[in-house]
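We call the chains A, B, C and D, going by the order they appear; numbering starts again at 1 in every chain.
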Amino acid sequence: MRHTVNDQTTPIAIVGAAGYTGAELARIAAAHPFVEVVALFASERANNAAVRIMSDIFPQLRGVNDLPIHAACVDAILECGAKVIFLATPHEASAELAPALLAHGLIVIDLSAAFRLRDAAAYPAHYGFTHPSSSLLAHAVYGLPELNRAALMQADLIACAGCYPTSVILPLRPLVNARLLNASRPVIVDSASGVSGAGRGATAKNLFCEVSFQPYSPLQHRHQPEMRQETRLDILFTPHLLPLDRGIVSTIHVELVPGVSESVVRETLGAHYADEPFIRLLPEGVWSSIAAVERTNYCDISLMVDSAHNHLVIASSIDNLVKGAAGQAMQCMNIRMGFPETMGLLPIHAVGVVS
Amino acid sequence: MRHTVNDQTTPIAIVGAAGYTGAELARIAAAHPFVEVVALFASERANNAAVRIMSDIFPQLRGVNDLPIHAACVDAILECGAKVIFLATPHEASAELAPALLAHGLIVIDLSAAFRLRDAAAYPAHYGFTHPSSSLLAHAVYGLPELNRAALMQADLIACAGCYPTSVILPLRPLVNARLLNASRPVIVDSASGVSGAGRGATAKNLFCEVSFQPYSPLQHRHQPEMRQETRLDILFTPHLLPLDRGIVSTIHVELVPGVSESVVRETLGAHYADEPFIRLLPEGVWSSIAAVERTNYCDISLMVDSAHNHLVIASSIDNLVKGAAGQAMQCMNIRMGFPETMGLLPIHAVGVVS
Amino acid sequence: MRHTVNDQTTPIAIVGAAGYTGAELARIAAAHPFVEVVALFASERANNAAVRIMSDIFPQLRGVNDLPIHAACVDAILECGAKVIFLATPHEASAELAPALLAHGLIVIDLSAAFRLRDAAAYPAHYGFTHPSSSLLAHAVYGLPELNRAALMQADLIACAGCYPTSVILPLRPLVNARLLNASRPVIVDSASGVSGAGRGATAKNLFCEVSFQPYSPLQHRHQPEMRQETRLDILFTPHLLPLDRGIVSTIHVELVPGVSESVVRETLGAHYADEPFIRLLPEGVWSSIAAVERTNYCDISLMVDSAHNHLVIASSIDNLVKGAAGQAMQCMNIRMGFPETMGLLPIHAVGVVS
Amino acid sequence: MRHTVNDQTTPIAIVGAAGYTGAELARIAAAHPFVEVVALFASERANNAAVRIMSDIFPQLRGVNDLPIHAACVDAILECGAKVIFLATPHEASAELAPALLAHGLIVIDLSAAFRLRDAAAYPAHYGFTHPSSSLLAHAVYGLPELNRAALMQADLIACAGCYPTSVILPLRPLVNARLLNASRPVIVDSASGVSGAGRGATAKNLFCEVSFQPYSPLQHRHQPEMRQETRLDILFTPHLLPLDRGIVSTIHVELVPGVSESVVRETLGAHYADEPFIRLLPEGVWSSIAAVERTNYCDISLMVDSAHNHLVIASSIDNLVKGAAGQAMQCMNIRMGFPETMGLLPIHAVGVVS
C-alpha cells in the first residue's frame, strides 16, 4: 500500500506535524502522486519529548502516515533529505527556522504569519515579537495562487495566506483592481470559523463544553492588517467562533461606487476567476456555506447588491484547514515545482496525468 | 405532581402548540405559579387531524404537559375557559384569529409578526398577504417590555417582538434616544440563529444533514422592516443559519457621532438598563455568546469602540425561543396581569413572592 | 433580584465550584426557594490561586451567582456559615474533607465516589488511592432517593450515586428485588455520555476537535463496581463518549427468568415507581433519548422483551449533570432537610408549597 | 479540469442520485480515474419531476458533478450508455429495476437490501414487500469484498452489504470461521449511526432540532437477519441514532469458547486481514471512533477480552456512506472490472498506477 520514492517524487518534510494543519498536510500529501513525506518534526517539544508516531496522535492517519515525529532542530531538518519544507509552526518558530533552511537551498513554504506582512514593524504590534529575520520579508512571496501565480513559480520562501484573509481577499481584490468599490468607506467583515482555527492547544476555551458561537477580538485580530495590506481597503474585521470542527464563512459588507450594478460585480469576478479551478462563483440566490466547501480546496463566492444603498454583500466560504492552510500550501508547492496545480487537491481526477 | 387551579391562577391557552415556540410556552408555563394551561390548539391541522397529546410530540414534556391538542377554531378557543390566549401561529392565522378573540374580551398575546408592523402596506410587501384586520395594527402594543412597559400594562393585543429584532433593538434604542449614533449611515447587522428559528416544518433545508453555517435572505429578511421601525435606523440585515438548536448572536456595526467614546456608550446603556432583570451589560473584553443565554430570558450586550473610525461594534445574544419568543411573551403577560415581571422566568427565585 | 436569607432558608456551600457539577449546583440552588449559597470553594487551587468570581468562569451564571471562589481549606469551609456542604470535588479531596466537616456537625453531601463503595479495598483497586477515612464508609448513605429515601432522611454523610450507575440501578433494582432476572448471566450495559461527564480538565481528549463517538475503558470503568454493588448483578459495563455537552443513555441487556413477559416487567417497574416524581416509564414503542431529559431531573425508562430469547432490553436516560449529579444531590438535600422533595427541581411549580 | 472518456474509462450510471448514498457515489466516482459518470437518475420522482441538476441539490458537488438527474425508467437507463449501474434506490425499486438491466447485459451494483437475503420469505417479514424477482436471490453475490472477493470478480448482480452489517460481519466472521466463539449464546450488538443512515426523507424525526441520541427498533431492525445470515450467529441488534452526519460504531459483546485468550483473538483477526487495505486492527488500548474513519473506506476494529467472563468486547467503526455504502460499492466494482481494488478509495496514492 505504501508508495515508494521514484524519480518523479519530491521529498518533503512537515515541521509542526502535531498540530491540525500539520495533520492536514500529511493527509493531503498522502494522496499526492508526486510528493513523498520523508520526515515529520514538531517544534514545540524540541528537546524533551520522546519520539511519537504521527498516527498515535491522529488516529485517522493510521496506515496513511505512521512516521515518527522528531524534534524540530535545524540540523535534523537539513539532514532529512527533503527538498521542500512545510512550516506549520508558530510564527516565532517559522521566523527562526526559515533563514537557515533557505541558506541551504531548500524551498520553504510557511503556513504561519511570519513572512506575510511586508512591514517589519507590524510584528511587534500585532504578533508580539520582534522579527528576527525581517530582511526576508521583502523576499517572501505571498502564497495566494489566484492572485500571485507568476511570482510563486520562482519563490523560495512562500508565505501562505492566512485562513480568514484568503476568504476575504479572494472576492475583494478583483473588485478593488476594477475600481468598483468606494475605498473611502470602511469595509465590514464578519467571519465565523470552526474551532480547528484556534489550534490544538489544550486550553479551557477550546474544550468541547466551552465552545459556543460568539465573536472574539473584534477589530483587533491579527488577520486585519494582513487583509488591509492585500486589499488596500480599510477593513474592520470581527471573527466569530463557530461550534464546528472546520470551515469559514466571511460575510463582507462594502459600499460600491455609485452606479455599479450586481451584474457588473458578477461579471468582474466571473471574468477574473473564469479559469480558476478552485474558485466557484455561485449563481444568484445561492449562498456560500461551510458544508459545500468542507474538506475541499474550493473558495465559494456568493453575493448580492442592494442598489438603493450601493451596498454589496458578499459571503465567501473555505475550509480553513484546506484552502485556508494545508491545501493552499500544497497548491503553492504544485506551482513552484511545476506540477499540475490541482494535483492532490481536486475531487476530480485529471485523467491526462495518469493515463 | 400536577398543580391545581386556585384563585390566583390565570387560565391560559396556547394556539400553535405543535411548534417549537408552542412547546417552549408550555414548558415555561408549567413552572409559572400563577398560570394554568387549560387548553392547547394547533391551527394548521384544524379540521382533519386526530387529537394528539402534547407530550407525544414533545417527549421532554411528558408528565409536564400531557394535554390533548385540539383543532384551532375560534369557537373552541372561546369555550376553553382561558382568559389569555397565546398565538404561536403563522402570521396569517394570527391575523385571522385575533379579532374574534379580542371581541370576546380575551387578552391576546401574539408571537407572530401579524401585528408588529404599524404600516399595513408592509404586510403584502414583506409577508405576502393582505392584512385582514389592519385596523388592529394601531391598537396593538409592541411586546418588548424593556422599552414599552407602561403600554403593556393595559394592552389587550400584544405583538411580541421578533427574535432577531429583540437582539438588535435592545442595544440600539437607548443609543438612538441619546443621539449617539450617526443616523445618516446604514447600520450593518450580521446575525446568526439556531435552527429552531426556522420552525418545525419538515423541509429538506431543516434536515440534520443539510443544515450548515451560511447566510440566507441577506438584506431581504422580514425582520429588517421591523428593526427599522423600532430603531428608526437604516438597518442592513443579514441573518445566518447556525447548526445549533437555539440561540441568536447579533453583531451590529454602527457609526458613532464623532467624539462619542466607549465609556459614554457603556454609561448610556448601563444607566438605561440598570434596573432591568433580563438585560446584562457585559464588562469590557467579555463577549456575548449563545451558551451564556441558552434557555434563559436574558439578553446579553457586549461592545467595543474603535475610536479612530468612530465605529461601535455590539454583540448581543438571546435564546430565540425564550427572550426571542416564549419567554418574552410570558414577560409581557406578567406585566399585563400585574404579576411580578420575572415570575416563571428567572433562575433566581424571588423569595418575597412565595413566602 | 437577589433573594435574602430568611428564617426558612438553609445556608449551603459548594466545594469544587469551578467544575461543571459545581456550576450546575449553583444554577439549581439559585432557583431553590429554601436554600442560600453562602460560599463557594475550589479545592484544586487551594493555596495559590487568586480569588475568582463564579460568573467569570461560567458566563451563564452572571447575575445568578457572582460570588467569589475561595480556596477550599477546612477552616474556611467551617467558618462560612453553611449548614450543608456540597462536595463536588475529586474523590481524594472529598475523602480528606468530609471527616472534619462531619465532626463539626455539618451535613455533607458528596458528589464524588469517595463514600459510595462499602468495601474499602475497592478504592485502591478502582480509584487508585488508599481511603483515608474508611471508617465512614459504613456510615455513609448511598444517595439514590428512589431506592433509599428513608435512610436519607437522617443521613449526615450522603454519597450521591454516580451518573452512569443512576441510569443503570434505577431500572434494574426493582426487577432484581422481584426476582425477574436470571442473575447467573452477566448483564451487558452499553452507555453513552456527553462530554461534561469527563470534567473540565483542559486535556487534549476533551478538545472540541478531538471528541468523537467511541467506547472507552470497556469492562474496566470505575462505575462498574458501584453498579454491581447496588444491583447485586454481574454487570459488564462499556461507556462511550458522545459528542454532546450533557446526557446519558444506557442500553441494558439482561436475561429474564423463563416465562417473564414484557407486561410483567412493565407492571413491576410501573408499580414500584408509580409515585416517583422523577421516574418516567415510557409507553411501548417510545425510547429514551437525551433530548427528553436534558436539563431535567428525570430518569426515563423504556424497554422491550424478545420472548424467544427471554431477553430484556432497557434504555434509560438522564442528564448526567442533573439526575446524575447536582439535581440528585439537591433531591437528597430536600429529603434530608424535610423540604418537598421536588423543590427547585421540577418544571412544574407546586402551587401548594408557595401560596 | 474535466476528465474525458478514454479507452480505459468505464461508463457508469447512478440511479437514486438525489439521496445521500447517490451523492457519495458521485463524489467518489469523480476521483476515480477509470470511471465516467454518464448519467444520473432518481427513481422516486420518475414521472412528474422536472429535470434537476445534481449540484443544485448537493452544493458541494458544484463543478464536480453538474449532470442533470433524469427520471429512472428502465428504457432511459438502458440507453444512457453506462455499462455499470449503481442502484442507490429503495429496496422495492431495486428489485423492480435489476432484472431488466441484467437481461441487457449490464452489471448491476445494488446498494439496497433487495438482493442481500437468500431467503425470499424474509422480504415480506422484514422489508414489507413480496420480492418480485426472487429467482435472482441465488444469483446475487453479497458485496463484502474482504469475505467474498473471488465471487465478486465474476458477479453481474452485486448486493452490497448493509452499513450496520458491514461493521458487524467484518470483525465476527473470521472468529466464527476459527470456531473461537460460543455460538450457543446470543451476541449483543449495540450500534450507533449518524443521521445520514436514515436517508434524505423530509420527515420530522430527521429534523435538526429533533435528532437526539437514542435507540430505535431494538431487536427488530431489518439488518438483524442480514447479520445473522452472514455470521451464522444469534445476534440481538439494537441500533442508536447519533447526532452526527455520518459514521457508525458497533459495540459487540460475544462469549468466547473457554480458554480463548485476547492474543488468540488478535492473532486470528490479524492473520485474516493482514493484507487487506481497508481493515485496520487497532492496537491494545486504542478504541475505534467515528473521527478515525470519517470519509474513508476503512473499517477499524478494536477489542479486549475479560478472561474471567470469557467475554470479548469488540468496537468496530466505519463511515456508513463510504465503507457502509458508496465506497464499498466502488470497491466491489473495482474487483469486478479488474481495476486495482483501492482505486479512488485510498488516501494514499498508488504510485505504480500513475507512473
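The rule is short, and it goes like this: a contact is a pair of C-beta atoms (placed from the backbone, for glycine too) under 8 Å apart; a residue touches a chain by one contact, two chains touch by 3 or more.
Note that the structure is a prediction, hence the values are computed from the model and not measured.
**Q** By CA centroid distance, what chain is farthest from subunit D?
**A** When every chain centre is compared against subunit D, the largest gap points to B.
**Q** Measure off the straight-line distance from the CA centroid of subunit A to the CA centroid of subunit C, and report it in whole Å.
**A** That gives a centre separation of 46 Å.
**Q** Suppose each chain is reduced to the average of its Cα coordinates; what separation in Å results between subunit C and subunit D?
**A** About 41 Å, centre to centre.
**Q** Taking each chain's centre as the mean position of its Cα atoms, how many Å separate subunit B from subunit C?
**A** 35
**Q** Which parts of subunit C, given as residue numbers and ranges, touch two or more other chains?
**A** Within subunit C, the residues that touch at least two other chains are 243, 289, 291-292.
**Q** What pattern do the touching chains form: line, ring, star, complete or other?
**A** Topology of touching chains reads as complete, every chain touching all others.
**Q** Spell out the residues on subunit A that touch subunit B in their complex, using ranges where they run on.
**A** 186, 188, 190, 192, 210, 212-216, 218-219, 234, 236, 238, 240, 242-244, 247, 249, 251, 253, 287-292, 302, 304, 306, 309, 311, 313, 315, 317
**Q** Where on subunit D is subunit A touching in the complex?
**A** Against subunit A, subunit D makes touches at 1-4, 6, 8-9, 27, 30-33, 59-60, 62-64, 277, 280, 282, 286, 289, 291-296, 298, 300, 342, 344, 346-351, 353-355.
**Q** Looking at the complex, which residues from subunit B come into contact with subunit D?
**A** 20, 195-196, 200, 202-204, 206-209, 211, 243, 245
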